[in-house]
Each structure stands twice: as structure tokens, then as C-alpha cells.
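Below: one structure, written as C-alpha cells.
Letters are used for the chains, namely A, B, C, D, E and F, taken in the order the chains are written, and counting of residues starts over at 1 for each.
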Amino acid sequence: MTRSDGRALDEHRPVEVIPGFHRNAEGSVLYRAGRTVVLCTASVDRTVPPWMAGKGRGWLTAEYQMHPRSGPERREARDGRGKAPSGRTQEIQRLIGRALRAALDLKRLGEMTIALDCDVLEADGGTRTASITGSFIALAMALSRLQVTRAIPEPVLRDQVAAISVGHLAEGLALDLVYTEDSTARVDLNLVATPRGAIVEVQATAEDEAIPRSELDQMVDLGFVGVRALARLQREVLGRIGVDLAALFQAGRWVEP
Amino acid sequence: MTRSDGRALDEHRPVEVIPGFHRNAEGSVLYRAGRTVVLCTASVDRTVPPWMAGKGRGWLTAEYQMHPRSGPERREARDGRGKAPSGRTQEIQRLIGRALRAALDLKRLGEMTIALDCDVLEADGGTRTASITGSFIALAMALSRLQVTRAIPEPVLRDQVAAISVGHLAEGLALDLVYTEDSTARVDLNLVATPRGAIVEVQATAEDEAIPRSELDQMVDLGFVGVRALARLQREVLGRIGVDLAALFQAGRWVEP
Amino acid sequence: MTRSDGRALDEHRPVEVIPGFHRNAEGSVLYRAGRTVVLCTASVDRTVPPWMAGKGRGWLTAEYQMHPRSGPERREARDGRGKAPSGRTQEIQRLIGRALRAALDLKRLGEMTIALDCDVLEADGGTRTASITGSFIALAMALSRLQVTRAIPEPVLRDQVAAISVGHLAEGLALDLVYTEDSTARVDLNLVATPRGAIVEVQATAEDEAIPRSELDQMVDLGFVGVRALARLQREVLGRIGVDLAALFQAGRWVEP
Amino acid sequence: MTRSDGRALDEHRPVEVIPGFHRNAEGSVLYRAGRTVVLCTASVDRTVPPWMAGKGRGWLTAEYQMHPRSGPERREARDGRGKAPSGRTQEIQRLIGRALRAALDLKRLGEMTIALDCDVLEADGGTRTASITGSFIALAMALSRLQVTRAIPEPVLRDQVAAISVGHLAEGLALDLVYTEDSTARVDLNLVATPRGAIVEVQATAEDEAIPRSELDQMVDLGFVGVRALARLQREVLGRIGVDLAALFQAGRWVEP
Amino acid sequence: MTRSDGRALDEHRPVEVIPGFHRNAEGSVLYRAGRTVVLCTASVDRTVPPWMAGKGRGWLTAEYQMHPRSGPERREARDGRGKAPSGRTQEIQRLIGRALRAALDLKRLGEMTIALDCDVLEADGGTRTASITGSFIALAMALSRLQVTRAIPEPVLRDQVAAISVGHLAEGLALDLVYTEDSTARVDLNLVATPRGAIVEVQATAEDEAIPRSELDQMVDLGFVGVRALARLQREVLGRIGVDLAALFQAGRWVEP
Amino acid sequence: MTRSDGRALDEHRPVEVIPGFHRNAEGSVLYRAGRTVVLCTASVDRTVPPWMAGKGRGWLTAEYQMHPRSGPERREARDGRGKAPSGRTQEIQRLIGRALRAALDLKRLGEMTIALDCDVLEADGGTRTASITGSFIALAMALSRLQVTRAIPEPVLRDQVAAISVGHLAEGLALDLVYTEDSTARVDLNLVATPRGAIVEVQATAEDEAIPRSELDQMVDLGFVGVRALARLQREVLGRIGVDLAALFQAGRWVEP
């Protein structure tokens, strides 16, 4: 049984990544998963927020922004312009920040802030997971540059992180939902995890009725299938532009995939 | 091995519930779990938001507000006063709304809005789960009044919902963390579920390093222990004030606990 | 001639005070006058606002907030959330602050801020006077704690302060109006005063037509009847929890009532 | 004993009024009392706010705004620009609105809004009372025009209203304080009243210690001296431009002064 | 061929200037051009914005504000009150600031800010050009006072600046449009210039269709006619109050007109 | 004499245009001029703003937004997020809107809004002129689609519009300034014009001292050189994707270039 776009239930959308798309940021990718497109940039600033100053630790923060015409139907007002960003936007950018901070040893980064901007240019479901998966590549590019220029004394990465959605459709459990699937799914799960099978964050929401415990287990299993595939893709992209992911890992943390 | 407040790892805090504490709201409880105190009120309004009008469906919304002196140490500025509520507040009130909407069949409610206000008077961890567990009682009180006055033609409840936190402490997995435990936990999980073992929402976050898959499973198991205990407590409180929970359930949905 | 709730014209509503209701604040009461309920908390902070720093003086500030369901009819939007508090709210909290500052010798307090939060949980008229009368008790509790812990070197109280409303009803001048009385009164007067007969603040407004001078005089007289009764009640509450009001007064200021 | 500007204690500042200063508004004055200057304009709009529509009644509203350089010392940020007006500004404009509404029979005005804008160009104390006294003249000009053009079927004025401040200085009770006097006064009273001796609003605040009841009485007496003098001046200005105040009064309300 | 108000096409409106209208500001004029009235004040502050501190340079900034009843028809909400000023207001005040900064050698002013407030009391077209022309006089008054009190060590003026509008009407190119002309003009040009024929800023906008190059040239020529006339008027006003414009100019910059 | 990037003074930067870059918008280009990159999207909505409804006319509006890392040095806060967009941003987007409205006959468009979003991804000077030049292509793509689908009954374009900057550098007058040139230029002119030599808008600002009239004339001449070159490029891009610009013009308006 296949889906509207012909994919198998456990298949993620075709992903195209253009690293270095944004020339000013220390790391950047244009991340395209089907008809979802996110520009992820990683910017390095040699200061930390006032509440962190003097502790010798680094910080990583994220901002998520929808383009007004990200949807296929019609232009929306630009979220957060002239007023506070919506609750949804704030929830998503807090998630992105937590996800990527889990990949880093902030205590070793030094007093430095890495800001990840996730600009959703086109949206067809899965924008938060695309933002996380793409941001990891931008982050690795920025870290590589920091190591090359000796702006940081030692590697600070401790995990590779990717994210994917899983939903319960009429056809069964499915990976990486597009918008029309997402809006009819009975359950919506987002998994942020490492390719070695550890969980950074999992959020599962029954859209209508509560779901049996067993279903949660199956959805997490399926999510790991996607995370491993996307993590492989992250390594390929980084390899293509000469970034050796293993070299960015703290001593003893890298495990050959 | 016991915790700072003498509880066993799988023991929730002592809960005291004062139903009808707020005399104007259609349903209300003052919910005390240890040193966390939340005033939950359910207010019924015979209209729906403009974007829902004319569809014959009801709506349920939630607002979460910290009292400026909810913390033991010092007064904070009142969140959201004169500016947008913080991202944390918005995230929590969105969660409360989803959790309680899952308990209701909104299609049968009629064009009516139920607003749940969760005012955290004192905070010692677990304010979002206390808000959900307390709000369910306030909601049931309001529904009971709507049925008694025949303002709704038929029962609209389809599940009983409660929530609890689980954390990974040095001592092991623990239920219902207080603030000092929460701030040192390696993982933080919030489970919103039914006493029959179905999941409404689960959010698990690795505070520092990613966690093994098996740990997630154990934390969900422990969460269900807490949810069942709190659900029993909800039924006792409702019974004491003469609300028959079974009578609020849609036909065929009630299962004797 | 009696009123809708059976009171005599010069009788204030039955008052119930629960001191220590809020366990984190240095002083607190749940103040119930009929169907008006205000949670008053006094929080002590060992700093002063920037514009006062270095002068050796203390400060006292107040915040007033209506619960969204404070009214019996329907829920209102939470005032001041995501936008500036209403003019009415700002006017009231400025009044509360002035009233309580009059009770203190701020020059002797030292560089310290006492913040009074008045959360109106239920509203049936007289919320600003209930806030002032209740806040005085919370303030005295906080001062007592500061003296006991020697956080302040000497007593700083110079007056006992309470407040009450007076209105001109069809039945004649009446004390402590409930909402329905207030909305039909021809004149509305709020008196903040000491039990010894001195005025801290008086505000009288002709709701429709201007009023004769003589009527103002009678209303102030009636207000003092209420203030003296409420001041007696404040002392009883404080006595019950072991706070000796006389010991909080500056030398030479206390007069046995 | 005289004051810094040579006035007797019961003497108000010299007042200069330029009626018609603003040519677009239906009524306007430039009101100068010593070094306090307020531009008062009355604008008529043939609609009422939505919450009043369809009731056949009129409305009157007021806005108060300080010029950034109203003070002699230095420019301040323009209050309320890009953010909510300060609590002080809102409190004052609410007072001005109540004061002028007391002068009118809004039920007879018809569905029409009169907006009074009080722009304080220079400030040397007494800006709220100058705003009220000046606005009454602008209001009378606008009403006269409405009667002449038969835009209202009958006179709607029921009282003449003026306002003045009284303070307790070291020299004794004094009328119409300038800024330096106001900032050292022990009590500050603002009286809005009619020349016939009726009170529209009185606000008295003890700036430091509570004041004896008898003092309030004397301050109100002194305030009436000022109000009668300013009311005479209002009539003179209106007479000079050909506005017959008596003709603006409802039948039976005018009393020859 | 004459215009609705009888003026020739190359004639500006009659201008009346009252210098010193605002007594607190270091320089001020009430500037009336026909039915457009702007109160321009120049306030001197002995500090600079934080981002300029320590550079030894001065700053000049401008604020533009419409009175709510500036228009003849009806009162508008006060622009920028409780929210950000409109785009039009910000655009205009940025223009005024640039125009007047061009007249000054900020490097020689010392660490000092001159703030120009342009309050449009009545508006009938040409408010931005009236603001600039009037502000120059207020600025010269303030500079004169600074020189007289030796608050600045040397003259800092390097140009005289005035502004005027030009439009393309059905009758031909016309100077200094009133509102009704402005709203039907095919092109709208604002020229800020010196009487010696140098351009500070020119903005020309085709309201409907693009305009031929030659027309731009003619409009600039006509604008200079107006700027020279207004500059003469500025000198006359300053001369009347004893300000010698030549003495405010930097050495070698003044050219006898 | 050449410039830092090797260009001749009258040479614009190399431009690369990717039409259709954004797949959801009715028209879009990624417009790269040197190191300035703008994503221009044209979105069609079949409604007009409320104040235009029922007049049978169309509307065109523009929004301009800087990416937080548009600059090479460091990330800035995202302009306008949670607060009003800066004055600069509002000024620019108002200019873009006026420029593109000049290209259209809005009376013939029907009740429809075209929104142009100009997202500056990388900024190296000339972002407003790049936004206008790129937006014209996006607009033409959208109009072509509207004509093809017969959503508009007749062509509505009346002019081709492009924009370029001109500055006065030490080396002489120069076209299309990069950021470092722009910040040292003595004059800054932006020309919006048609390839046939008509002016839509011209803004010239003397950054320091006023400039002679003759210089304005030369700068406009030079600007037209750039506008003609960019207009040729616009036609080439549109031709490449099969959009016949001539067919979008109203009858009698197209002139073979």
C-alpha cells in the first residue's frame, strides 16, 4: 500500500541539500525534503547572553520563521512581525534549540554563541524536523571552521542528531508526513535522536483519541529508521564538502556508523 | 532509597483538592500537590471563537499563569504582563488545552467554549501536570452542571485524563519531581494519559545527553503508575461532591476502573 | 431600611481572613468580604529600583490583577496580558501603593522593596478597598518577619491603614457597596484612613450630577465608621497569628486603640 | 506671607485664554496659567463607540498628552509613543473625561462623540486642573456651534465645571500650586466643582503622613474659592467670543451667578 | 491662471512665524503656512545616545507628530500612541533629521544632542517641508543661545536649509501645494536645499505614471524659487529677535545673500 | 580608474537571476547582484484590504525583511520581530510598493491584491534597488499566470520598472554601490525608472554637505544607464522562461526596446 506521493510507509521524502547556500553565515544549508524547504544558517558570535557571562560556557540558540508564502494556497501575515511570534513558532524554536544543544558540550565551547536561523521558505509538513536535521549540518560546518581557525581549542561535538516525524494514517504507521497526511493523522510523533539509537527528545500527541501504549513503541521504532537514514545523508553532505565529522567529536565519543 | 522529602521513587506527592474553591466559575478546584498549588477554573461561555462559528462544534481552551511570587526565593515580574507571555507559558497552556480537548467529544458539545484557567499560586515543580490533573476535575464539575441544567443534550466526555512527570535522578527513575529534583534530572518526561493505559501526550527530553531507548519505556511505565493513582483521586473528589463521573461519559465509553 | 443582602446602611460585609494562605510570600492573606475575594501577598526583595539605588531608602510597590473569571457572569480576557494593563487597573494599583507607603517610614526601611500583589479572585464590588485592607495585614506579617530575623534594625510602621467605600443609594448613604449597589450609586467615595481618624486618601466622584458639599462631609464620616471596624479586624487577625502590631510601630507612634 | 511667585495663598495664577487657537476643532482654547500651557480642543464626531451604538446616547472622551519638552529642564521621551501611555497619563485623562461628562446630559446629546484633546505644551504644575478648566470652554464653544447649526435639538449642558489644586505648604494651605510647591506639599487635593458649590470630584492624597479630618474640610473650602474665580473667567472668555453660556443650559438648570 | 486660493503657480503660501512660542525649549517657533501649523521646538541635551558616546561628536534628531485633530474633517486616533508610529511618520521624521543634520558640523558640536520636535497642530499639505523650514529657525535660536552662553566653543552651522514642495497640477507645475492640490497632483516633489542653490535632499514620486526626465528638471528649478524665498523669511524672523545668522556660521562658510 | 571589485564606474554588478526559485508563489526570483541576494516572491490573493473593498480596483503591497545574518560580520536581531519594523524597513517597503504600483494599472486589475515579499538573504548594499528590480520579474511572472488562466480579463501592465543606486565616490560618480562604497559616498541617489527614460521615483540625499544642482543631473543620467541595462536583463530572464513581456502590456503601451 503506497501513499499519495508514491512512497512506502517507512520511506522518507527525497532530500536535497545545498551546503554553503548562504555565503555570510559560518555554516549554512538549503534543505529541501519534498516540497518543504528550509534555509538553515549557523552564525557564530564571540559573546554570550548577559545571564551567562563569566561562566566560561558557550550557548546555542535557535530562531524559526515561516516565510509569508510558505504555504501553497495563500500568503499569510509574517508571523511575529510587529507582535510576538505565535505560540507554535516559539514552541518549535525552543525544540530546535534543545535538540542541537544536546549535540554539543557547551562547557567546552568557550564563551561563544551559535545562533541557528531556520527560515522555512516552503512548507509541506515536517518543517520542525527538517529544521533540526538541516541545522545539524550547518552547525557541523560552523564547528569545522572554528576548529580549522583554532577559534576553539578542542572538538566539542558529542552526538550526531537528526529528526523525523511519524504518524498514524489510515494506511498504518508512516514516516515523514506531508501536510495533507499530517492533518488527518490520528497520532503525530516527532523524534529527535542519534543514529546510535539514543533519544534526545520525543513528543507524541494523540490528535483525537488517546492511543494504546503499544502504538507508541512502534512509532518510536519507525522513527529510528528515518533518523538513521537522515544521519547517513548528513554525513554524505558533510563529506562532499570536506568536513570530517569524526574530527569534530570529543575524544571517545565517535562511533563508526 | 528515599528522596529528599522522604517519598519512595514511585510515589507521587500528597495531593489535597478543594473543589468549588472559586465560587463564580462553573467548575473549580484549588489543587495542592506538595508545595505546588494551582487554582484551576472552568468557565463556560455560550459562544465559540469567530473562526469556529456556524460549525455546530464546541471548543476548549486553556490559559496558564504564574503568580509573581510562585517561587520560594523571590518575586518575579508577572509573566506576560504588558508583553507577550513567555514561550514556556505558551507551550504549557497549549499542552493543557490539547490534553483536555482529548477528554471531550467537541463535536457533541454544541457551540460553546470551555475556558480552563490554571493560576499557579505556588510552584515547586510539576505545575503543568498539576494543571492538567486539576483541570480535569474542574471540567467534570462544569460538565455536570451543564448536564443537570440540560444545557447540553447528551454526555460529551470520552476519557478521564490525568498527568504526571517522571525523571531520571541519580537514585533512579522517580515519579512526580519537585523543583530541586527536576533541575538536576538527566531526563524529564511528562505523561498525559488515561487510567485505562492509553496515551494522550508524552514529551520526553534529555536534559543533557541522549538517552537509551529502553529508558524511555521504563519511564512511560512508571508514569502510568502515577496517572492511575491520580485518576483514582480525581474520582474520589468528584464523588465527594456528588458528581457521578460515569454519567458524564458518552454511551459505551465508560469502563469501570 | 435594609439592603439587598440584609445589611444595615452603616454595616460592612462579613469579612473572613486566612493569613498565611500563600506559603512562599513573606506575608499573605486570602481576604474575603462577602463575594469579593482577594489574595494579597507581600514579597520582600533586598534591592530597590535603579532610580532609587544608593539613597538608603526603601520602596513599596503594588500590583493589582483581576482573575479572568472574577465576575459571576462570564469570563473576560485577562487584563494586561500581552498588552498594557487597563487604565482602571493602573489607577487602582497606584492607589494601593500610595496607601500602603503612607503606613511606612520608607527612609528607615533600608534599601529593600516590598511588593504587594493583589489578585482579585472573585469580584463583587469594593476590590480596591479590600486590596488595601488585606494588604496591610500581609505587610504587617512581612514586617514582623523582618524584625524577628533582624533584617531591619528598627520598627518602620507609623500608621495602621484600612479602606472602605461609601455610596449614595436611593436608601441613603451606605457603607461597603456590592457591585449592584455600586453601579446605581449617585456618588462613589473611597476612603483610605487610619483608625485614629486621619485621612490617607479620599476620592469622591459624582457618577451623574455634582453633589452638595454637605454630602461629602457625611460620606467621610460614614467611611470612618467602616475604617475603624476593619482596623479592629486587622488587629484581631494579626493577634491570632501572634503578630504584635504595637511592636511594629516606630517609637512614639502607637496609640492604644 | 507670600509665595515664591508673589501670590497670596488663596490666589490662583494669572490665566490667559486664547479661544479658537486651533482652527479645525469645533472648539479650542490655548489655556495659559502662569507657566503651564495646555492646548484644549473639542472635536465632534457623529458616531459613538461600538459598545454604545444604538442606545441614542452621546459620549465624551478625553486624551491627555505631555509635549516632550513640557518641562523646563530637559526633553523627556514622548509619553505613550510606541508603548502604552503611563499610568499617570491614563489616570489624568480618565479624570478629565469624568469631569466633563458630569457637565453634560449625555442622554440628550444624541449619538455623537465629543473628544477633548489636552496637549500640555508647557508644564509647571496643575496640568490636570488646567486641562479641565480649559476643556470646559472648548466644550461650550463646540456645543454652541452644534446648537447654532441645529445639529442638536436642545441644550445639553447641565453644569459649569472648573478645577483647581490645593496644597498644604509650610506657609499654610495654598491654592493652585506651581511645580516646586507641589513637590514639597504635604497634602495634594484636586477639586473639580461647579461655581454653585457642588462637587464633581475630589481627590486628596497625603503625600507623606495621614492628615486630620479638619484639614480636608479647609482644603475643600479653599478649592471652592478658586473654582468660583475660574468659572467667572470661563464666562468672560465665552462672552467675549459671543457664546451665551446660559443658552447652552438645559431648561431650569441655569442659575445666574 | 490662478489656484483655488488665488496664488500664482510659483507663489508659496503666506507664512507667519512666532519665535519663542514655546518658553521652555532652547529654540522654538509656531510656524504657520496658510492652514498648516507646526510647533517646532529645539531642545538641547548635554548627552549623546549610547552608541555615540566617547567620540566627541554631537547628534541631532527629530520627532514628528500629528495632533489628532490636525485635519479639518474629523479627529483621527493619535498616531503612534500605544503602538509604533506609522511608516509615514517615521519616514518624515527621518527626513527632517537628515535635513537639519546637513546644516550642522556635528563633529564640532561636542557631545550634545539637539532634538527637534515638530508637532503638526493643523495640517493642510506641506507639513514635512514646513517642519524643516520652521525647525531651522528653532535650531538657529538654540545655537545662538549655546554660543552666547559659551556652551559651544565655536560656530557649528555650515548651511542655511529650507524646504518646499512642488507638484504637477492640471494647471501646470505649482509651488507649495495645499492638501486638495496634493491629492490630485500627478507628481509630488519635495526639495530640501540651501538658498545658494545646493541640494540637501530631493524626493520626487510619480503618483500615477512615470514622468519625463525634463519635468524633474523644471520641478527642481521651481523648488529653488520657493527655497530662496523661505530662506529670506527665516533670516528676517531671526533678525527680528536679534539672532545674527552670519555669526552662527563656521568661518568661511557664510555667503552674503 | 577602477573600483575595489574591479568594476568601471558606470558598470553594475554581475546579476544572476533564478526564476521560480520559490515554488509556491505565483511569481518568484532569487535575485543575486554581487553579494547582495534577495528572494522576491509575488503572491496573488483574490481579495483587497477592507478600505478598498467594493471599488473594483486592485492593490499591490510590498514587505521587506532582512535575514538576521544578511551582513558578513555578525548576526543581528531579526528586524521587526516582536516589535514594529524599523523606520528604515518601513521606508524601504513603502518605496518598493510605490515603485511596482507605478508599473500597473490597478483600476484594471480587479479586486485582487498582489503582495511582493522581498527577503534579503545577503546584504552588500543596494538591497532596495535589487528588491525593486527583482520584484518586477516576479510580478510579471504572476501577471502572466493570471492572464494564461484568464483570472484577469485584459493586460494590466503599463511600464517596465527597474532601479539602481548612484553615488558620489572619491573616484567620481559611480553606479550600483557596494556597502563599503555606500558608507563613504558623499551623495546617495536611488533611481526607479523605466527603460524609456521616464522617472518613477528619485531620491537623492547629501550624506554630509549639500550638493550642487549640476551633480544631481549627472547622477540621474548615470542612473538611467543602469536602469536600461537591468531592464534588458529583466526581459532576457522572462524570455528564457517563456514570458512574453509585450503581451502583458496594456494596448498601446508597449514600445519595442
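Operating definition for what follows: a contact is a pair of C-beta atoms (placed from the backbone, for glycine too) under 8 Å apart; a residue touches a chain by one contact, two chains touch by 3 or more.
In UniProt terms the chains read A, B, C, D, E, F = Ribonuclease PH.
Since the structure is predicted, the reported quantities are computational estimates derived from the model, not experimental observations.
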{"item": "Distance in touch steps, counted as few as possible, from chain D (Ribonuclease PH) out to chain F (Ribonuclease PH)", "value": "2"}
{"item": "Other chains in touch with both chain A (Ribonuclease PH) and chain C (Ribonuclease PH)", "value": "B"}
{"item": "Interface numbering overlap (same over half, different under half) for chain C (Ribonuclease PH) and chain D (Ribonuclease PH)", "value": "same"}
{"item": "Rotation, 0 to 180 degrees and nearest 5, that superposes chain B (Ribonuclease PH) on copy chain D (Ribonuclease PH) via CA atoms", "value": "120"}
{"item": "Computed distance of Cα centres, chain F (Ribonuclease PH) from chain B (Ribonuclease PH), in Å", "value": "53"}
{"item": "Where chain D (Ribonuclease PH) and chain E (Ribonuclease PH) are represented by their mean Cα positions, the distance between them in whole Å", "value": "34"}
{"item": "Per-residue multi-chain contacts in chain E (Ribonuclease PH), two or more chains", "value": "82-84"}
{"item": "Overall pattern in which the protein chains touch one another (line/ring/star/complete/other)", "value": "ring"}
{"item": "Sequence of chains encountered when the ring is traversed from chain D (Ribonuclease PH) in the direction of chain E (Ribonuclease PH)", "value": "D, E, F, A, B, C"}
{"item": "Touch list for chain E (Ribonuclease PH) against partner chain D (Ribonuclease PH), complex", "value": "22-25, 35, 37, 39, 41, 43, 45, 63, 65, 67-72, 74-75, 78, 80-85, 115, 117, 119, 121-122"}
{"item": "For the chain E (Ribonuclease PH) and chain F (Ribonuclease PH) complex, residues of the former touching the latter", "value": "83-84, 87-88, 90-91, 93-94, 98, 102, 158-159, 161, 193-194, 197-206, 208-213, 215-217, 220, 224"}
